[in-house]
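A short worksheet on the structure shown next.
Order of writing sets the labels: A, B and C. Residues in every chain begin at 1.
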Amino acid sequence: MKNFRKEIVFQTKNRVEFINITGEVQRAIDESGIKEGLCLVNSMHITSSVFINDDESGLHNDFRIWLESLAPHEPISKYRHNLTGEDNADAHLKRQIMGREVVVAVTNGKLDFGPWEQIFYGEFDGCRRKRVLIKIIGE
Amino acid sequence: MKNFRKEIVFQTKNRVEFINITGEVQRAIDESGIKEGLCLVNSMHITSSVFINDDESGLHNDFRIWLESLAPHEPISKYRHNLTGEDNADAHLKRQIMGREVVVAVTNGKLDFGPWEQIFYGEFDGCRRKRVLIKIIGE
Amino acid sequence: MKNFRKEIVFQTKNRVEFINITGEVQRAIDESGIKEGLCLVNSMHITSSVFINDDESGLHNDFRIWLESLAPHEPISKYRHNLTGEDNADAHLKRQIMGREVVVAVTNGKLDFGPWEQIFYGEFDGCRRKRVLIKIIGE
């Protein structure tokens, strides 16, 4: 069994941002030399997500509005977590809806994907250094 | 390390539908000959889900109503994604709540499940051909 | 390839409760002797979750209130599932938002985590015996 580990670093300019990382994950699979296996991609932070959906800017706008309606950023004082001095309680909630991680199949050295699947880093408390972990096992 | 890959194809009659695929996943494990490992089951599409919950029709009705309240299909014009000519923006949102994939343990050649766990394909934009991927690694 | 399996048992005193199980998962990794691999941690029940977020009591209170607003326990009669004699339909919904499972990387024999990541068992229909499964594969 082979295994491979890599980190990707982000520092977004906006509090909320979606970044397509499909190419970087495929490059990690290439570097690993693994042809058949499973690839875990997870946020190493608790206010951001890794998820799979469509690379369509209108949809990303819909996600932003929808998540804001389900877990609004303001009023800050609405959340007890923000009594710690943080203002990011909403980001912890949004991340639960979008998920922490994806596990994807590696087949014949490629991401084994349907026609529209793309992997995104979803930031909900940006403007600071964040990391995503890629861990691949297989052979 | 062994690995095994299989696709299941669906074409639902309704826009929203939940289909129990536990038997098909266990059959894939049987075919694979893998006794100990991990089994990934994921939708290959971005408007449907694979999830684990109860096989109870009342609950499935509750899911349908609840998801519709959180991410309504109409008005279509509410979503910017639908400006692309699609009418399925809500399906992309519903799928985030229900999830893209499950990873399940394989122990002694069987799905290692609690008493009520059943695997479902959750369709939110049906009446077209869709696929689910099963990828198993182990030995 | 090595594999390792372990169950953790819970019986909470409250209907809704969040329990930090990070130490127990690390102990399972230690027992397994696996240095590089993937570790699945999942609820074996369909009214509870395993998820990764912050170990901060204010945030857990926010989770409780937020989940109650998205999927209220009462009125019991609101849910068709509860016609079966259960009163836990809301717990089945809450668990979909928080997720069934996490898959975490094992690197050099340790949980490969960012600075604040902690694993929680999230109970939404407590006061009865429940189990969490840990399955680790790797070498």
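The rule is short, and it goes like this: contacts are C-beta pairs under 8 Å (C-beta built on N, C-alpha and C of every residue); 3 or more make two chains touch, one makes a residue touch a chain.
Treat the numbers as computed from the prediction; the structure is a model and nothing was measured.
Peer 1: If you list every residue number at the chain A and chain C contact, are more than half found on both copies (same) or fewer than half (different)?
Peer 2: Different, since under half the interface numbering is common to both chains.
Peer 1: Between 0 and 180 degrees, and as a multiple of 5, what angle does the rotation take that fits chain A onto chain B by Cα atoms?
Peer 2: The rotation relating chain A to chain B comes to 120 degrees.
Peer 1: Using mean C-alpha positions as chain centres, tell me how far chain A is from chain C in Å, no decimals.
Peer 2: So the centre of chain A lies 20 Å away from the centre of chain C.
Peer 1: Give me the residue numbers in chain C that touch at least two other chains, ranges are fine.
Peer 2: Counting only residues that touch two or more other chains, chain C contributes 1, 38, 70, 97, 99, 103, 137.
Peer 1: Quick check on the complex: what are the chain C residues that touch chain A?
Peer 2: 1, 36-38, 51-54, 56, 58-59, 61-63, 66, 70, 97-99, 102-105, 107, 112-117, 137-139
Peer 1: Tell me, which parts of chain C touch chain B in their complex?
Peer 2: Interface residues on chain C, with respect to chain B: 1, 3, 5, 38, 40, 42-46, 70-71, 79-84, 89, 92-93, 95-97, 99-101, 103, 131, 133, 135, 137.
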